[in-house]
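Chains: A, B and C, in written order; residue numbering restarts at 1 for each.
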Amino acid sequence: MSETALRPSAPAVTPPSTPGKRRRRSAYARRQGRAGLAFVTPFMIIFTLIMIAPLGYAVYQSLYTTKLIGGTSFSGFANYSTVLQSGDFWDGVIRVIIFGGIQIPVMLAIAFFFATIFDLGVARWGPLFRAVYFIPFAVPIVVSSVMWGFLLDPAYGPFNHLMNAIGFHNFNWLSGNLMIPSIIIIAIWEWTGYNCIILYTALKSVPRDVIEAAILDDTPLWRIIVRIKLPMVRPAIIMLVFINTIGAMQLFIEPTILNNYQAGVVTNTWTPVIDIYSTAISNGQYQLGAAMAVVLAVIIVAISVASLGFRGRRREQ
Amino acid sequence: MSAAAMNSQTRRERRRRERLVERDAAIPVELYGLKRGTVTALTTCCVLFALFTLAPVVWVIINSTKTQSNIFGSFGFWFASPFEFFHTFANLFRDIDGDGTYANWFLNTVLYSLSGGIGATVLAVLGGYGFARFEFRGSKAFFAIIIAGLLVPITLVAVPLYLAYAKVHLINSVWGMILPSMVVPVGLYLMRTYVELSIPRELIDAARIDGASELRIFLRIALPLMVPGLMTVLLLSVAGTWNNYILPLIIFSNNQLFPVTVGMGLWSQHAGNSGDANLYPLLVLGGLVTIVPMIALFALLQRYWRGGLLLGSVAN
Amino acid sequence: MSAISMEKLSKVYSSGVSALAGLDLEVRDGEFVVLVGPSGCGKTTTLRMVAGLESITSGTVRLGDLVVNDVSPRQRDVAMVFQNYALYPHLTVAENIGFALINKKVPKPDRERRVRSAAAALGLMDLLGRKPGQLSGGQRQRVAMGRAIVREPSVFLMDEPLSNLDAKLRVRMRSEVLRVHKAIGAATLYVTHDQVEAMTMGDRVAVLHDGELQQYATPRELYDRPANLFVAEFIGSPEMNLYEATVTGDELLLGSQRLSLGPARTLLAPYRGRTVIAGIRPEHLELDGGAGAGHAGMATLVADVRVVEELGDEAHVFFSIDATAAGASMLAAAAGEAEAGLLAGATHNGIARTNSRSAVRRGQRVTFRVDTERIHFFDPDTSMAVPRMPR
């Protein structure tokens, strides 16, 4: 990042600095600083109100307990120890980690595959497919969950008819065993296009002459893709892993909506966010819910930092 | 020929030229040394995934014309009579089972998305410019905090927001929905990147030497150059609010204030045991009506968001 | 035998832009040929068609005896150095250089030996483990060359390889490139927009303009006998002074001044009574020390000095005479070098290159001596040079 401290024009308009005051910054720089502050202040105010204050409030709340008799009192880390010892909460965490651990690599592989095809122009009607694949991004998750609920409906859904037709009778996409795979399919449907477009634009920014040099070197296509293009778009892939991980850890809407098509599979603690929602909002245990939210945030930050660390190490090699 | 017709003709001509130039700029496929049939095989892959992508959309379009019993009873990927589309469409304007009226929810969604999206864009444009082209005490720390905000799960904020709203009477207030929609850290990040790539420091310095005030420089010089990035942020933040589910779910208990997403969630919950209300056709058509404006918006503004998404990958 | 030959080579892009129109050119074995011209003249397109990266609209390209129009660039056995070097940013210098050898399945020990010898030839031994991002511009340029020479290609193509270097490094790298060329001996086609680079490096130089070959000759020939006005102006710095002049019997009428033609009058005989364009190189205008006209064919030209640019070893004297300049605007349009006009406020219409120690001042009236045998003449209608007598 280029951060020039002072503009070249600064001396011309800088009044002599007042002796005695140990100010390094010129009046000019200060005036500019004030202007800059004025530009970012509106965002910072709302950001503080909506993000930082609630975060602080959540931490604060999580240290209290409300009892039926006796009211609210400070309870230290009692809520946290409840969360950390809750088998259901950790089951939910593991469930979303499994979900993300499968969904993200599979989706990125598909997205990279198609992004490469579009970038190379080795399939017909590339621009058309690109547009089609992006459509799900414009569909709210609630709506896509509803649509997929219909498609996967255990009694009437066309995908069940399909399974019946090819010999799998009494197949249930939304049964306990298949709920996660089904949600993986839905999430792949929702997000592949978006990831594909980002990878496509990243691939497009690989300089043309680098690829031409590889062609003149008689590099086979697969080697151009794997040894040249893939490493050159690694920053974009890492960013996508990041974004998708944060999203996957907060899995909520799909299971909540699918629960309406097949009751009994998605419990109140099925994912951490469902757990938080039912604890804090449905059951009114705000403080415990806040503690869960804090723990989830710590887990997400830990995973993100770990992947950043991984990136850092890879870069040094 | 009218001016508009001429305009569209020149635009089409320009688009054609752009396509041809783009073709000249791409590496010819022959140079990759592909085997015969590779293009066909890969095109087939594309077609298969397109079918997968379009299946739910096609299903929704077809089934938005059906009665409840046909939705379940007839083959999902073909039409069945009677053609109930208009009947169902009329029902979108009625409160059919006491949950609320779709049309009302839809207007709420439009209100929240536009005001939240515009607010988010204004804040992101100002802030992105401020962080990209000024230095002040704490500017780096502030920016780092905002970037950290990208990592904070919405749910973590939603629960305490709910608690705080209860204190300041923002439960069941449209402001409780709009204000959080105005905080889009990604938008600010995109804007900052955009300014750094597209507005040279020298340009701003030149205006300063000419004696223009910072506000004037921003409005007259920077802002016009920021329009493409601004459109991307607007589109992404409108879409973000349009799709938002968990925040309105938590903060609204009054059905009159629901956006479409929460209303449809409620319907899908009640549809199974709503008796004669026949909510399933409404759910299907409601889904279709929800996605059409977004797809239209993305199609209309595609040259903006495509460039904008590129920023994200460049900046990282 | 020729290593590369092009016949009636043309390129029209699908957007309708014509980049090259009927180029005939051949490069002999071991020859270093420079393609030079202003941007957009089609030189890079030509190079890319030889490489096979650009499809051929019409005409043929031969490498050796083989017509390669339909041969994939992968099989052409050509190596290319790109303007932006096109290095693989995530690979080390050694991996960059060795990349093509892996594709050719060269066994590892052999590969390493060849990478090391290429690196040694270019002074890259200490940098083998670095990545392109950690190298200076000159080092990257060397890596790009290393990547090309390690393949021991039969034809070497270079697309403005020095244009991203600073001026001093560029001069140093010129001889470096030539040294490498001598060492490997492969026929080389080298593209540049810099006429100095072309003149100093090329065995032969092809001047291109608007997709057409203007002249293909040795540097000396280009300088001594430019085939047309474009080449006359393009080659040489400062550029040639061009004036409309009238041929009257034994004399040349340049504005109000009469220059006696001497031996040149025979070749101008067909133009008697007509206008020609007379070109005088700035270095052929000598400040007259008062000795007067010497031998036959020596003429004088009186001029008013407008600006003197002192370069230390020499001085550029910007002067004006009352003749009509014929070339400056044309060159400005062609090469984007309006600079000269801007500097002197368009009040001058000629430049002379003189000894720095001659104390000429602005505003002074001076007399130049010029050898009329060294004046170039062009037909104003065709822009072609009036044929010279053989020496």
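We take it that a contact is a pair of C-beta atoms (placed from the backbone, for glycine too) under 8 Å apart; a residue touches a chain by one contact, two chains touch by 3 or more.
Here the structure is a predicted model, which means the values were calculated and not measured.
K.L.:
Please name the chain that ends up farthest from chain B once chain centres are defined by their CA atoms averaged.
P.N.:
Between chain B and every other chain, the largest centroid distance is to C.
K.L.:
By the contact definition above, name the pair with the higher C-beta contact count: A-C or A-B.
P.N.:
Between the two chain pairs, A-B has more contacting C-beta pairs.
K.L.:
Could you tell me the distance, in whole angstrom, between the mean C-alpha positions of chain A and chain C?
P.N.:
Each chain reduced to its C-alpha mean, chain A and chain C end up 56 Å apart.
K.L.:
Hey, how far is the Cα centre of chain A from the one of chain B, in Å?
P.N.:
16
K.L.:
Return the residues of chain C touching two or more other chains; collapse runs of consecutive numbers into ranges.
P.N.:
Where chain C meets two or more other chains at a single residue, that happens at 53, 73-74.
K.L.:
For chain B, jot down the residues that touch at least 2 other chains.
P.N.:
27, 31, 33
K.L.:
Among the residues of chain A, pick out those that touch two or more other chains and give their numbers.
P.N.:
Residue numbers touching two or more other chains: 212, 215, 220.
K.L.:
In the complex, go through chain B and note every residue touching chain C.
P.N.:
17, 20-21, 23-24, 27-28, 30-31, 33
K.L.:
Touching chain A in the complex: which residues of chain B?
P.N.:
25-27, 29, 31-34, 38-39, 42-43, 45-46, 49-50, 52-57, 59-60, 63, 71-73, 75-77, 122-124, 126-127, 129-131, 133-137, 139, 142, 145-146, 149-157, 159-164, 179-180, 182-183, 185, 188, 196, 201, 205, 208-209, 214, 218, 239, 242-243, 245-246, 249-250, 260-262, 264-265, 268-269, 271-272, 283-284, 287, 290-291, 294-295, 297-299, 302, 306, 309-310, 312-314, 316
K.L.:
Taking the complex as given, what residues does chain A use to touch chain C?
P.N.:
Residue list for chain A touching chain C: 207, 209-210, 212-220, 223, 228, 231-232, 234.
K.L.:
Spell out the part of chain A that touches chain B in their complex, as residue ranges.
P.N.:
Contacts found on chain A: 1, 3-5, 7-9, 12, 29, 32-40, 42-44, 46-47, 49-55, 57-58, 61, 110, 113-114, 117, 120-126, 129, 131-144, 146-151, 153, 155-158, 161, 189, 192-193, 197-199, 201-202, 204-205, 208, 211-212, 215, 220-221, 224, 233, 235-236, 238-239, 246, 249-250, 252-253, 256-257, 260-261, 273, 276-277, 280-281, 286, 289-290, 293-294, 296-297, 300-301, 304.
K.L.:
Mind listing the chain C positions that touch chain B in their complex?
P.N.:
It comes out as residues 13-16, 52-53, 55, 72-74.
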